[in-house]
Each structure stands twice: as C-alpha cells, then as structure tokens.
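Before anything else, here is the set of structures, which you'll find just below.
In the two assemblies presented below, chain A is common to both, partnered first by chain B and then by chain C.
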Partner chain A sequence: MHLRDRLARLEISSAPYLFIAPFFVLFGIFGLFPLGYTLWVSLHDWSLLGGNEGWVGFANYTELVSDDYFWNSLLNTFAIFLIATIPQILAALALAQVLNSSLRALTFWRIGVIIPTATSIAAVGIIFAMMFSRDFGIVNWFIGLFGVEPIAWNQERLPSWLAIATMVDWRWTGYNALILLAALQAVPKELYESARLDGASALRQFRSITIPMLRPTLMFVVTVATIGGIQLFTEPLLFNPGANAITGGDTRQFQTSAMYLVEQAFTGQRFGYAATVAWILFAVIVVVSIVNSLLVRRIRSVD
Partner chain B sequence: MTTPLIPVATVAQDLDEPEPVRRRRRRVRSRKASPLTYLVLVFVVLASIGPLYYMLVMASRPNSDITSNPPPLTPGDQLGENVTRVFDNPDVVFAQALLNSLMVSAVATLTVVTLSSLAGFAFAKLRFRGKNIFLLAVIGTMMVPVQLGLVPLYMLMGWLGLAGSLWSAVLPFLVTGFGVFFMRQYVSQAIPDELIEAARVDGASTFRIFAQVVFPALRPAVAVLGLLTFMERWNDFMWPYLTLAPENPTVQVALSRLSGGYYTDQALVMAGTLLATVPLVLVFILFGRRIVGGIMEGGLKG
Partner chain C sequence: MGALPPAGAAKERVTVSHTRRSRWLAGAAALASLSLLATACGGSDSDSGSGDDVTLRVNLFGKFGYTELYKQFEKEHPGVKIVETAEGDLGKYNTVLTQRIAAGSGAGDVVAIEEGQAVNFLASADKFVNLQDHGANDLKDQYLPWKFEGATTADGSTTIGLGTDVGGLAMCYRRDLFEKAGLPTDREAVAALWPTWDDFIATGEKFQDGIGNGKAKFIDSATNTYNSILMQSADHTYFDREDNLVIESNPAVKAAWDKALEMDEKGISAELKSFSPEWNAGFKNGDFATIACPAWMTGYIKDQAGEQNAGKWDIATVPGGGGNWGGSWLAVPAASKNQDVAIELVKFLSSADGQLAAFKEVGNLPSNPNLYEDPALQEATNPYFNDAPVGQLFIAGASQLEPVFLGAKNQPVRDAVENAMRSVENGQRNASEGWSTAVKDAEKAAG
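Moving on to the complex of A and B:
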C-alpha cells in the first residue's frame, strides 16, 4: 500500500476522535475534575487562604450531620423546590395544551410566554425583591385592595418561600410549556382519531394518550427542574440584598444549601467543609432524580 | 443555573437507529381556539411582561416615587437621567461591566459554536469505534451538576494564575454537552450523506469536508445555538459572582453590587437592570421565531 493511501486512511480513522476531543478535554478539566476533586477536598481540613491543612477523614461529614444551619438550608431548599416545581409543571402542561390549539398569531404567543427566560436571574431577583417589598411593593398594594394586611415577604419563612418560588416559576413556566408543546405535537394524530372513534372522552384521551406519550419529555423537564432547584442560589441571594445577603435573611429563613455552601467557602473560608456540603448536595440530587424517574415511570401504568 | 435548553430524553431510542429517520409529524389541531383560550393567553403574556414593564416604570421615574402610594403604574420621563446616573455612579464601573459581559459571552459563544459543530459533525456523519458510548457520555454531561465543583474550580483558577480575571469566568464554559447534541441533531438531518461521500471521492480530508462542505450549511443552527449560548452566558450569575474581582465584574454581578449598597437608589438600580436586560430581550423578540423553533425542534428530530 502506498504511503499516501495509508496516510489518508489514518486521517479518516483518527479525525473523528480529534473532532470530539476538545469537548471531552475541556469538560474534563473544568467540569468533571472539579466535581470529583470536591470529594478529595471534603476529606481534608482545607482553608481558603491556608490551603490543605491535613487529612481529617470523615470529620467534616460527621460535623455536617449535626449542623443545624445545614439542615435548615436543606429544608428551605426542598420547600422552595416543591412549592415552585409542582405548580410550575402543572401550569406548563396546561399552557402547552392551550398553545396547541389552532391560534392566530402563533409565534407572538409563543415568544410572549418565553420572554421571561431571556431575562437574567439577577434581574429577576432584583425586580421581584422590589415588587415584594413590605412597605411600598406592588404586591402588598395589590393584596391590600382586597383588604389583606401587608406581608413582610422577606422576613417570614413561608412568605419568603412563596416569593422565591414565584420568581423561579415566572422565569421557567413558559419555557417548559414550549418543550411540552413540542412533545404534544409529536403525538401521532391517528391515536386521537381512533380513540375518538372508540368514544373516549377528552379527559380520557388526555390521561391515556397525552400523558403517557409525554413521559420522556416530562422526565426531562422534571430532571432539569430538580438539578436547578436543588442548586438554587441567585434568587434568594438577591431577595434580601446587602452585606449579609448570603445568610438568606436575619434568621436564615430562606437560606438555600447552595448559599450555605458559598457562605462556608468564602465567608467562613472553610473549603473542606464547603466541599462536604457540595458532595452531600450532589448525593441529594442523585437520589431525588432516581425518585423522580420512578414516579414518572409509573405514568406508563396510568390507564 | 446552567440548563440544557432542549429535551434529550428521546435520544436513547434514537441511538439504535442506523440512519436518522425523519419522523412523520403532523400538527395535532385538536381544537379550534375559543375566546377563553385567547383570554388565558392574554393573561399569561401580561404576567410574562408585567415585571419587565414594572422595571421600566421604576427606571423612568425619580427615586422618590418608589415610596408613593398607590405605586406608579405608568412610565415617567427620567429614564435618560437615571441611565446617566448608572454610568456615573462611583461604586460600580458600569460601562466596564457591560464590556466585560460582552467579551465573556462572545468568547464562550465562539468556542461553543465551533467546537460543537466539529463534534456534532463527527457524531452525525463519521464512523468510529465507541461512537454511541461517547455520545451517551455527552448527554450524560448535561445531567451532571458541575456547579457543585465550584470550590476546586476556584482553586484551579488560582493554580492557573487566573484568579479574579475575566478568563476565569470564561474557561468553564468553552464547551457544552447541549451544544454538541444540538449540532449533532441538526447535522444528521440537514446534511445528506451523498454530499460527504462525493467530497470524499474527490479526495478531501475530513477536516476539509467539515470546513468547506458541512460548516457553511449549518448557518441556521449556528445562529440559534449562538444566540442561546450568548444569552446564557450574558445572564450567568453565580460563577462570575464568585470568581471575578469586585472592581472588574460582569454586568449581572455589577447589578447585585448596585442593589446591595447601604443606601439603595432604586431608580438607579432599575435603570441598570433595564440596561442589562433590554438588549437581550429585544434580540430575543427579533429572532424569536428562530429561537422558539430551535427550542422546540431540536429535541424531537432525533
């Protein structure tokens, strides 16, 4: 075989790997390595300025288990996650149905519902913090029209959770609706036709055709909401801006775990302990994702 | 939050199919839209733009109007003055922050688009051992919460001597699994195999085929991926907030500094928020049809 042919063959066989290599190398260095190294750091006494100050085994983990502030942050994270996600998915599903009817000015409505997605989270946090301010916010003014007393949204626990969940839902509901709409449109029309011929009601069609056909997409939407929700950071940080923003309110009433992680790393300068928080959060995300997939899988049996 | 913008759940089945089969999709027009449907949509769109409108109202009024009761509901005439005050304020160099955001977003967009096209082309059209496993790995990376590695990432930037610099804000975002997957989907159905075979027969190298045959045909996908990537980087908050030096922030970080001041001038903060938001929202509306199409199509063509 000529050298030329051999080179050409070598080029053909090696090119694919060269083409995908940049992705894997860069993701490995700046994505996977830091995440993995977090485990190593969490087993050490490691400070922001002093660096590695020695192996401590699982000491950080045992400390975390009895750390009330951590459990408080986990409670807040989960509460906000649930308060935000459940209505968000249901609303997105309903909105997708609405957008799936024959509409005039189709694109206008679609763009209209996802404009919030183009707004930065920082802007969302700042705008909503103003809207939810106790004395002069537009929300309290509005509920005041119905005779409701002003609520100190960023002072009390449940109201702060609700306000933060509102920010999350405002930004993501329309986007999820579009994803679900795409999935709705991929459902073969014939399925509905034959169901209609069999005399199935609209509700029955929704339950027996639409929901099962949407299962993979629902799974995706729920997974993304979970990964994002458990790492929630910016909205609560900017809800009560100022020098102590990272504590999520005077009594940590809305400090999420991601905020606690950052507080430990940069305010407390305890990298080892912060890495422990990160690793536990990672485990939490994995567990919740598994639970999600089990729940969504059950949809298949809805009949 | 870094989020893959397109569903990937359907890809698993797709991997078994040797050729991308364009699935027959007909729009399910089950119901004609009733007036009630439009009413719901009007309400949803109002809720969508309401907070942005409120931002405009507050950004265009004197700061003293913040405390008026009932709250003002129409824009005032001070937008120009408030914007000037944003650029003149001593705490945050706002013009620099805008420029920093532009640079960070542009660099990340360029690399994401280029490297995603390259890898997407390989996954869609080239034959190589382990392809399916590599592709699954790419999809897997979208499910990994890499932000949780922020402590070692911060240390890494220190080791590289980049702590606090703009580079530290860019490097973690040079590639995205979403981008690779998105391009792979597009290449599969936009580029006929015959085109590549023909170029091969002519003796073109794989890279030349990519550069001269494939990449030029990817323009629509490049535009959508570019816009989405730029938007995501421009709006990014958490990592730039942690890594950038306080005197050299991106615009989102600058906003948080403005709003966190001891004495908060809300009109100024709102004008700043407007400056950081409106350009992107306008681009989004301008290219809305394409972006919506990109979000909706990408995930289903598999």
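Moving on to the complex of A and C:
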C-alpha cells in the first residue's frame, strides 16, 4: 500500500475522533481535572489563605456526616427542589398545550413565556425580595386584602421555601414550556386522528399519546431541573439581602447545600471541608438523576 | 471604614474577567458543574504597565471619599490612571478579597483591609508588600500607635498596611422623633440622658411610652448596639491575644449580649436586619430613633435617609464612654505589578492631608492623632446632622480609644453570633437557646 493510501485511510479512521477531541480536551481541563483536584483537596486540611495544611484522609467526610448544618442544607435544597419542580413541570406542560393550539398572535405569546428566563437573575432576586418583604411587600399587601396577617417570608421556614420556589418557577417555567412545545409539535397528528376515530376523550389522548410521546423530552427537562435545583444558590442568596446573607436566614431556614459550600469555603475559609461538601453534593446529584431517569422510564412509550 | 459598611451605597464599578489561576483555584473549590463559583471570581491583570501609562486598580468597600484625591494624584503623576472598585457589603468584600489574595491575582494594586481581617492577613504577610522596606517606619508617628501595630506582624518586622481611619463611636438620633416622644432634642441634653447603657435603655422605654402607638422604635436592632457595647468594653472579644476562642470565658461578650437583648425584651428594638432593604428604608421612614454611630456610619445615614430628612438627624456622645468600631488600612498585594506607584498612592491617601480630605468628604475619622488638634477637624460640623460638631464629637470618642484585638476568624464567629442574636430577636429561639447556639456555632466557625 502506498503511503498516500495509508494516510487517507488514517484520515478516515481518525477524523471523527479529532473532530470531537476539542470538547473532551476542554472537558478534561475544566471538568475532569477540577473534579479530581477537588477530591484531592477534600482529603486535606486546606485553608483558603494558608493552602495545604496536611493530609487528613477521610476526616472531612466523617465530620460532614455528623454535621447538622449540612443535613439541614440538604433538607432545604430538596424541599425547595420539590416545591419548585413539580408545579413547574406541570405548569410548563399545560402552557405548552395552550401554546400548541391556534391562538391569535401566537409568536408573541411564545416569545413572552421565554422572557423571564432571559432576565438577569440578580434583578429577579432583588425584585422578589422586595415583593416578599415583611413591611412593604406587595405579597403581604395582597394577602392582607383577605385578612391574612403579614408573613415574615424570609424568617419562617415554609414561607421562605415557597417564596424561593416561586422565584425559580417564574424564571424556568417558560423555558421548559418551550422545550415541551417543540416536542409536542413533533407528535404525528395521525395518532390523535385515529384516537379520535376510536372515540378517545381529550384526557385519554393526553394520557395515552401526548405523555408517552413526550417521554424523552420530559426526561431531559426533569434532569436539567434536578441539576439546577440541587445546585440552587443565587435565588436564596438574593432572597435574604443584607448582613450575612450566605447562611440563608438567621436559623439557616433556607440555606441550600451550594450556599453551605460557599460559606465553608469563603467565610469559614475551610477549602478542604468545602471540597468535601462539593463531592458529596456531586454524589447526591448522580444518585438523584439515576432515580429520576428510572421514574421517568416507567412512562410507557407508544409501541 | 467600618465594620458595617454601606451596602450598595458606594458607586460600584465592577470589573469582571478571568485569570487562569484564580479560575483554577475556584475550580478546585467548586465542582466543575458548579459554574457559579467559577464565574464569580476573577480579576484582571491586563492593566500592568505598558510604557509609561499605568492603571492602578484600587479595591475598597463602602465609602472612602477618595475621588478628589485620585484626581490630585493623577495630576501629579502623569500617565497614571486610577480605577476604584468599591463593594458595598463588607462580608462579600472580605470573602472576595481573601480569595483573590489567596489566588495571587486579581486583588488589584491597592486594597483596603478592614479591622476584622487584619490578623487573618498578617498570618499570610508574604502576600503583601512589606511597607517597612519602603519607609513605613519613618511614618510611624503619623498614626495612633495601636493603629500602626495593628497591621504589623508580632515580631515587628513586617508592616502590611498603613492606617486610614478609626471608627470613633457616637450615637446618632432623630430629633423629630425625640420631640414627638417628649424627650429633649438638644444634643447635650440628649447625651446627658444616657451616661450608661442602662440609662440608654431607660430612655428607650420613656421614648416608647412617649411615642405611643407610633411605629417608630428606639433602636434599629439588637446587633448594632451589641457590637458597639462589645467593642467598647473589651481589649479582645471572641479571641484572646493568642488567638484562642474565648467567647465563653470572656465576660465582656456575654455582658454585651445580655445588654443588647435586654433592649429587645423591653420592646425598644425595630428588629431590622442590618443592610436589608427594610433597614435601609427605616432611615428614610423614621422606623427607629437612634443608631450606634461609628464615624463612617454618618455617610451611610445621609445616603439612606436622603435630602428630605436633612436636619432631622443629630449626633450625641455614645453611652458608656468612647469606643472604636471599624477602621481600615491600605495595603499593596505582593501580586501587584505596579508596586512602586501603588505604594506611593497608599502613602498619599493615608497621609494627614489624605485623611483630612476623606473626613471632609464622607466623615471617616482620621487615625492620625496629630490631626485631632487640627482646627480643620476640631471645628468641623456636619450640616446634614443639624450642624453637629462631628469633629469634636468623634475626637472625644477617639481619645478614649482602646485597641481591640480581633482574631483571624473574627468575621465568621461574629456572623455566627449575630445570626443567633437575630434569631432571638425574631422570636425563633429564646435567649438561652440563642446563647448556646451562638457558642456552638462560634466554636464551629473558629474551626
């Protein structure tokens, strides 16, 4: 075989790898390496200014297991995640259905739902913190019309969870609705037609055609919402403006795990411990994502 | 500047970009997927001097009042351009500064070190330029002795910062609310109401009776008063001079805690969290009649209460004698590429002239004791505060200043104690639960 042929063959066989290589190189530098380095840091006593102060093995991990504030933050994270995500995906589904029908000025509405996603999260945080303010917030004014006593939204646990979940949903429902809308439009019309001929009700059509056809998209939406939910940071941080915001309230009533991580790393200056929190959080996300995909997989595909 | 800086009061000019190393370290702390952290840090090294043109980046918090001084310095040093970044929130400032100092880049050419951070940074003195190599020892008599020592390592060989201001304490009060409550409004008569904190509490109860069902309370929150009492009653607070946590064995801490919470029990606190939107609005709406007032607080009050409240605020001496709360140093990070000009700027800003100009601009009390005799300071009044003789008032506080030792982990411990105190104020815990939480969290935060 001539050298030229060899080169040509090599080109054909190696070209695909070369094309995908940039991603993996970047992932290696900015993804894999930090992951491994974080693991290494988590096995040390490591202070922010002083750097490495010695190997401690799994001491950080055993400390974390008995750290009430970490478990508290995990509870908050999951509570806010559930309160936010379930209504969010249901609302997005409903919104997608509406946007899939023939409305007037359809493009206007479709663009409208994505606008909250495009707004600056800092602005959203500040506005919502004011809306949920105890003394002059519009929310307390509104519930006051029905005779409800003002609620100190950022002092009590459940109200603060609700307020933060509202903030998350306001930003992300439209985004998910658009993704689901794209999936809805890919469902073949013939399926609905034949179902109608068989006399299936609208609800039955939704349950037996729409949902199964949306399964892969739902899986995507749920996974992305899970990752975002477990890493929730900015919304609860901005919900509690003023001194000492990172603790998520005076009794840590809405401190998420990501906030706890940052608190340990930068206020407490314990880099090693913060790295431990990061790793455990990573493990939690992996587990939850697997559970999620198992759950969503139980939705049957249309055969 | 002080320990409780103006959040958002400062003109914020934020420079965001990345350097490889700060990213790398951030990546180590966060998970790769926690990209929030990676984008939150960074800073620019690209300003390093090319040719004659030098851009000095000055990294401060709150208000230092340097705008005019920068112009003067730029005029005297052609080709030098000064860019200031000022962060409103002190906790955030300290966090980001520590992070950048640790990363060895992005901190800027001149940084402000607040009193609570000095010990922390002295432990890594090699990250800063040793100003003793640049004639700092000749400037010693320009500063209160403890101010100079506060930024010098224990062995006396390295000085990392030159003093700007000290936080002489006074008490700011609302004349109109005092009048409504039937209390005297004249500042001398007001000062006579509260020689001690117990008198202060008694006055508060009188105020509450006089104001009736009005929404106004006597103090803004327990935490601000707590910090004032603590800072004036001790030569150390949470940590002894060997940097051991002594929160339980130092009686000053518990005494200040009890006294501050007594005010809340007596119903004279508006229970507003410092730097929250409600607290900020409280200055304007007259939700509270007094606030513990280190010199740097006056600028903040003026910003928040606004022009429509000019003349309604006034300043009297603080109960329990003087005290110090806050105050800063200026330092040059070792990573700065323009060290020579930066050192010159630090000397210029912390000089007697610089301190006086800053005092006139935002009211920060000079740390140069020679200025206390200066007529410009002695006779200074503040028109916003009903022409209060701020010079005399704050000098009176400063003359009794005792240096207070703050440990390396002062900030996280203080945060923990304030959180516990607020939870008692809000009724989420009772006082003894609050105290045991404070101690437990302080131990954890001290590590």
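Going forward, the second predicted complex is superposed on the first by the 277 of 303 C-alpha atoms of A that agree within 3 Å, B and C clash if a C-alpha of one lies under 4 Å from a C-alpha of the other, contacts with A are read in each partner's own complex, and residues count from 1 in each chain.
Note that in this section contacts are C-beta pairs under 8 Å (C-beta built on N, C-alpha and C of every residue); 3 or more make two chains touch, one makes a residue touch a chain.
The structure presented is a predicted model; accordingly, all values stated were derived computationally and were not measured.
Look at A:219: by the touch rule set out above, it reaches chain B but stays clear of chain C. Of the two partner chains, both chain B and chain C are touched by A:38.
The larger set of touched chain A residues comes from B, when the choice is between chain B and chain C. Contact with both chain B and chain C is seen for A:130 once the two complexes are overlaid on the shared chain.
When the two complexes are overlaid on their common chain A, residue A:189 makes contact with chain B while staying clear of chain C. By the touch criterion defined above, A:109 lies against chain B but remains apart from chain C after alignment on the C-alpha atoms of chain A.
Within the superposed three-chain model, A:152 lies in touch with chain C and out of touch with chain B [touch as defined at top].
Overlap of the chain B and chain C interfaces on chain A comprises residues 30-35, 37-38, 41, 129-130, 135-136, 227, 231, 233-234, 241-243, 245, 258, 261-262, 265-266, 271, 274-275, 278-279, 281-282, 285.
Chain A meets chain C in the complex at residues 30-35, 37-38, 41, 48-51, 69, 129-130, 133-136, 152, 155, 227, 231, 233-234, 240-247, 250-251, 258, 261-262, 265-271, 274-275, 278-279, 281-282, 285.
Per the touch definition, chain A reaches chain B in the complex via residues 8, 11-13, 15-17, 19-20, 22-24, 26-27, 29-38, 41, 95, 98-104, 107, 109-116, 118-131, 135-138, 141, 170, 174-175, 178-179, 181-189, 192, 216-217, 219-221, 223-224, 227-228, 230-234, 237-238, 241-243, 245, 258, 261-262, 265-266, 271, 274-275, 278-279, 281-282, 285, 289.
Per the touch definition, chain C reaches chain A in the complex via residues 4, 7, 24, 27-34, 36-37, 89, 91, 95-96, 98-99, 101-102, 120-121, 123-124, 127, 223, 273-279, 281, 409, 411-412, 415, 418-420, 422-423, 426, 428-429, 444-445, 447. Residues 1, 3-10, 23-34, 37-38, 40-41, 44-45, 47-49, 51-52, 54-55, 58, 66-71, 115-116, 118-119, 121-123, 126-128, 131, 134, 137-138, 141, 143-156, 171-172, 174-175, 177, 180, 203, 205-207, 210, 231, 234-235, 237-238, 241-242, 252-253, 255-256, 259-260, 262, 264, 266, 269-270, 273, 276-277, 280-281, 284-285, 288-289, 292, 295-297, 299-300 of chain B touch chain A in their complex.
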